[in-house]
Amino acid sequence: MTPVLSLRGISLRFGGIAALTDVDLSVGAGEIHGIIGPNGAGKSSLLNVMTGIYRPDAGTIGIGDASFDRLPAHRLASLGVARTFQNIALFKGMSVLDNIAMGLRHRARATAFEQVLGLGRARREAAAARDAAAAMIARLNLEKFQDRPVAVLPYGVQKRVELARALVGHPKLLLLDEPMAGMTGSEKTALCEIILAARDKSGTTIVLVEHDMGVVMGISDRITVLDHGVRIADGTAAEVQSDPVVIEAYLGIDEAAEAAVALPAELVV
Amino acid sequence: MDWGFFAGVAIAGLLTGVMYSLVAIGFVLIYKTSGVLNFAQGAMVLFAALTFVSLDEMGVPFWVSFAITLAGMVLLGILIEKLVLRPLVNQPPITLFMATLGLSYVIEGAAQLFWGTQVHELDLGIEDVPLPLNAILISQFDLFCAGVAGALVLALTLLFRYTRTGLAFRAAAEDQYAALNTGLKLPRIWATVWGVAGFVSLVAGLLWGARTGVQFSLSLVVLKSLPVLVLGGFDSILGAIVGGLIIGLTETLAEVYIGPMVGGGIDQWIAYVIALVFLLVRPTGLFGQRSVERV
Amino acid sequence: MTRDNAAAFALLLVMALIVPLIPSDYMFDAILTPLLAVSLAALGLNLLAGYTGQVSLGSAAFMAVGAFGAYNLLIRIPGLPLLADFLLAGVVAAVLGVVFGLPSLRLRGFYLAISTLAAQFFVQWALTTVDWFSDGDTSGVLTTPPLSIAGVDIDSPVRRYLLSLAVVTLLTLVAIRLVRGRTGHDFLAVRDNELAARILGVPVLRTKLFACAISSFYIGIAGALWAFLYLRTVEPAGFDLDRSFEILFVIIIGGLASIRGAFLGAAFIVVLPLLLSRAGGAIFGATFDSGLVDIVEKIILGALIIFFLRVEPAGLSALAARMPLPRFVFNKNLGSVS
Amino acid sequence: MSFRGLLLAGAVAFGLGTAAAQAQSAATPQEQYFPLQSYRVGPYAAGGTGFFGGFIDYMNLINMRDGGVNGVKLTWSECETQYIVEQGVECYERMKNHVPAPSAWNPLSVGIAYAMIPGITADKVPLITIDHGRTDSTDGAVFPYVFPLLMNPYSETSAIVNFIGSRIGGDDKLATKSIVVLYHGSPYGKETIPIYQLLAKKYGFKLQQIEVPDPGTEQEAQWLEIRRIRPDYVVLRGWGVMNPVALKTAQKTGFPADHIIGNVWSNSEEDAKPAGDAAKGYIALTTQATGTQYPVIQQIENTVYSAGKGDMADKSRIGSVYYNLGVVNGILNVEAVRIAQAQFGDHTLTGDQMRWGFEHLDLDPARVQQLGAAGLFHSINVTCSDHEGHGLVTFQQWDGTQWHRISDWIAPDWALLRPIIEASADKYAAQNGITPRDCGKQVASAAP
């Protein structure tokens, strides 16, 4: 069964800095795959390479059976890939409903002419997008913000709106860039439920870049650990936790032995 | 191809470019420190020149009228900053640009209200007759302008790069809130910036005014300096002078050599096309800071 | 019938039925017809600068293209109906809008704004220098031929006003449908976050060029209205940089990304100076010479612009939205216009 | 207030304005009203303040010295246009319904004049474009209500070429000369291009026409081209700030100022003074001489200014080029009233009667002498078919502080230009469905 996402030998340099060096990653269908690593490990860079925002200096990106050396960003949606951003990329001038409806933009075919005259196809597409967005709003209980412009909403609500926009198109592959950042405990649990529901109900494959160890360890099937742009570990939550290389990268203590004894509580789920 | 003539045209073009840079520097100063494209720069140049020449005609000695005008411009700058720009500080750039357009109406109106609408001659006592070099046409006035422009650029670059006030300017430009947190008194910084811009407007006003006569159309010199800004980069003093030289050179050569074939009078729009060509290579000007988008 | 539609519909009825009864040529020829032309141009620019975030300082050039296009089409294609002439003039302007829009794809902010000045100065130079555009008429100031639609001569101020009103109303309806539909959302998406838009599948380059085209189409027709129904002469100098700034003023004062903003802003920029000069004339008329009064008016206009930007940066449209509509016009519970 | 509120406020304020104006003027005695679309602000303020200052001063003189024209007082009101077309049109719309009706329009602007032609023809009120305007409006048959008095752009061109001929010892020597025309990048500037080409073919001189894009604050490139061409003479067809900049740049590129000939809109003190000593020796065409030594100007100073009713804020500008043009324009308008009154009676005249007056405006040098303007301008003879009136021109040289006349009155080559004017007028008539009237049997049939 071909992996939904497979990165082979991805390297990326910004001038002198090697952001990513020869990174391989493969994510199977229906899998929740965590990507963790200390700050500046290259997690977001990897996500940006996957979504065509950065052009890798080497390596290929495979999505389903199509493979690219540079993924054209505008084709991402039609390939069934959706993502959220580290610092929320919503359309400030539009309402919550319109923002979420944009998640279905890649399916729209009606031309401007048809929209102005309100011809069949245009009206149907608009109605379908509105209904799907309304359903997603209900699912993420955003009803009371539905018609309010996004710019005035609190941070947590904006995060949910962006997730709703990514989910509304029922993507095959969902890339989440630190979705838990700045969220409260209860919000985090709610978000995890939504992610698990997406995987279980619609079989969405999920890649999760996240700092919150508890969350990542809790819901990921497999985890890849990056450090200074290099993949230092890849395996199940349990394997990764006990891998001395990972521990050293995280805690930076020279004697690996001493580290094994004093593992911080939250690292051990 | 008459290379002597070509050299003459090229040098004339460079000297014209120097004049454009003088006005462009005023723009850069304000943009570099507050992100505002101050379209009232032309009106400030007019106001400064008109004030100076009116005082001069009243018999006030040269340097006294220069000092009074400079004081007036600094005061004007402070008023502009206080009444117009500070209340709009967190508005989008286009709103601030519009505010400076409204401001240019006010200043142009005030200039004509105080000093009348007549045309004045301005003689700085510097010969503007070609020096005895055969093909090349340079006058003492040209050399004086080039000298002044060079001095201004040097002084401002040094100010920005190596002095504490320069550092404060750059901090204010980078991030106003961060600058506030470090205890920088922003109002004082902006007042100084606008004061220096007032000085630059006065210098540009005098040098341009000596050439065109001090009259309402002096405020239109702005149109010639916009391509320079785009080419050099809005926030680079060096870009203002280099951009000016490039635009002046290519514009003059284009008018002399291509103009006659297409009906002439092309130097107005060719300057923008030249700037556009450079922009396609570097979308934020030759020396402009590249805007990095954090995703 | 939302509150906005009701108010707009009521206003349209007043403008179409009651206003033409006012017995004053001055009201039509000096206020309303130019007001409609400026509103249409502002509406066009709002689609590009307000909704899509691409600020253009060269809109007057596309008004000129519309005016000269309409003139040349009318005299070179005998029997071309007037409305088709305006439409084609808009298409010509749209084509040029796309051509001059191409460089904007890579540029942003003030670099983009200043680069649109290339269009402004080039078009003005071309229309003045190339004789073909003014049909060899050496004077360069072209007088528009007499106009008629389906046999009806458009020769009186009221008829010119009504024709302008019809054209502007139709195009405004199209703009409202466009902006509320998916294309409008594409515009806003490109304006607010180009990268996110691209990732969601919005064809960013095509959207920007379409915005340039539709905006220039509106501005071109506005130019034709301005030259044919208002000034009744076609002259490049009438579409200079001050005109471009005026149209940009209108949408900034009226309200970016707002259909009624174009109309409110146009009313402010066209009617206010006339009111000021009337008031100025009446109050100071005797004591000061008209020049002094005019200087003071210019200062007041500039000060008002700054004042408005401070009071309501989102423009008159936001101010109007906050203004409670008088009871008699809109009856809340019935939702109908009483 | 919402959009509707703004609009209604506008209508109310306007309604008050005109109603007040009309009520107040209906009751006063006979008067001849002149609407003045003046411009005292902006880039062309110098021209506007001078011209309208002279015009108003002359009308004041007539009122104070003669008690008006045969008892009919002259009245006027001003409306600021800033030389902008739509402000000029707005002034026209606002003043055209004035009671008593306007006698004649004097906008002194090419753009505004063109925009008003259809309107004034329908109103039957004459439009005066002294020394400028549509050249083909000289043909009164096609343009009954437009009067490019004294000189149209084509006559000006012919006069300049004749003058250059006289400077080099005869028109036949023109064949060996080279002339460059530096024109302002605007309809006004471009208007005479075909005529210079026609004269170049006729006399055989080498011709090059170079455009200076508006506003012309910088002309380095244009004058370097001139330096390459090395012409014998440069004709400056400029306007506004372009003129002093041309003279300064000429000095910088080593071109002698006394070989630069300015046209009628590059001939004022405001065009030469800002250029300082670069303007010394500069020659320019003019239809009216400068100076205050003419009886009519002295009467203005003794009667109007001594009574404190002079319009010029800066007394030193009395006698300047624009001021004297305003006075001459005043003379032509007032004499047209006087001639029309002789025909239709000493009372307020209608626009059409004023048109009749202008079409019989025949001031020979003797009559000009009686008016105290001998030497100020030569003469004028307007007829139904010739609305220019064959005005003669002279040339003046700038000595650094003021103008001095250096030639007697020169006549343009009217015969050569008439066919071109008629051809262009006929084309305009065809395009706009106008049937030219037959000037031959034009009789005093003007509407009462």
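When the chains are written out, they are named A, B, C and D in that same order, and each has its own residue count from 1.
The rule is simple: a residue touches a chain if its C-beta (ideal position, glycine included) is under 8 Å from a C-beta of that chain, and two chains touch if they have at least 3 such contacts.
For clarity, every value in this text was computed on a predicted model and none was experimentally measured.
Chains that touch both chain A and chain B are the following: C. Minimum number of contact steps separating chain B from chain D: 1. The greatest centre-to-centre gap from chain A, using C-alpha centroids, is found for D. Set against one another, C-D and A-C show the most C-beta pairs in contact at C-D. Centre-to-centre separation between chain C and chain D, using Cα means, comes to 34 Å. Chain centres here are Cα means. That of chain A falls 44 Å from that of chain C. Taking the mean of the C-alpha atoms as each chain's centre, chain A and chain D sit 75 Å apart.
Centre-to-centre separation of chain B and chain C, using mean CA positions: 32 Å. Counting partner chains per residue, chain D shows two or more touched chains at residues 40-41, 45, 49, 185, 211, 213. Residues of chain A in contact with at least two other chains: 53, 85, 89. Those residues of chain C in touch with two or more other chains are numbered 121, 125, 128-129, 195, 291-292, 295, 298. Within the complex formed with chain D, the residues of chain B that make contact are 2, 5, 8-9, 12-13, 15-16, 19, 112, 116-123, 128-130, 137, 139, 208, 211-218, 220-221, 224, 251-252, 255-256, 259-260, 263-268. Residues of chain C touching chain A in their complex: 174, 177-178, 181-183, 185-186, 188-189, 191-193, 195-204, 210, 214, 257.
Those residues of chain C whose C-beta lies close enough to touch chain D in the complex are 7, 11, 14, 22, 24-27, 29-31, 34, 75, 121, 125, 128-129, 138-141, 143, 145-146, 230-233, 235-238, 260, 263-264, 267-268, 271, 274-275, 277-279, 281-282, 289-295, 298, 320, 323, 325.
Only residues 40-43, 45-46, 49, 185, 209-213, 215, 217-218, 220-222, 224-225, 227-228, 240-241, 244-245, 248, 251-254, 270, 273-276, 278, 313-314 of chain D touch chain B when the two sit together in their complex.
Residues of chain C that touch chain B in their complex: 49, 55, 103, 106-111, 113-115, 117-118, 121-122, 124-125, 128-130, 195, 241, 245, 248-249, 252-253, 256, 291-292, 295-296, 298-299, 301-306, 309-310, 313.
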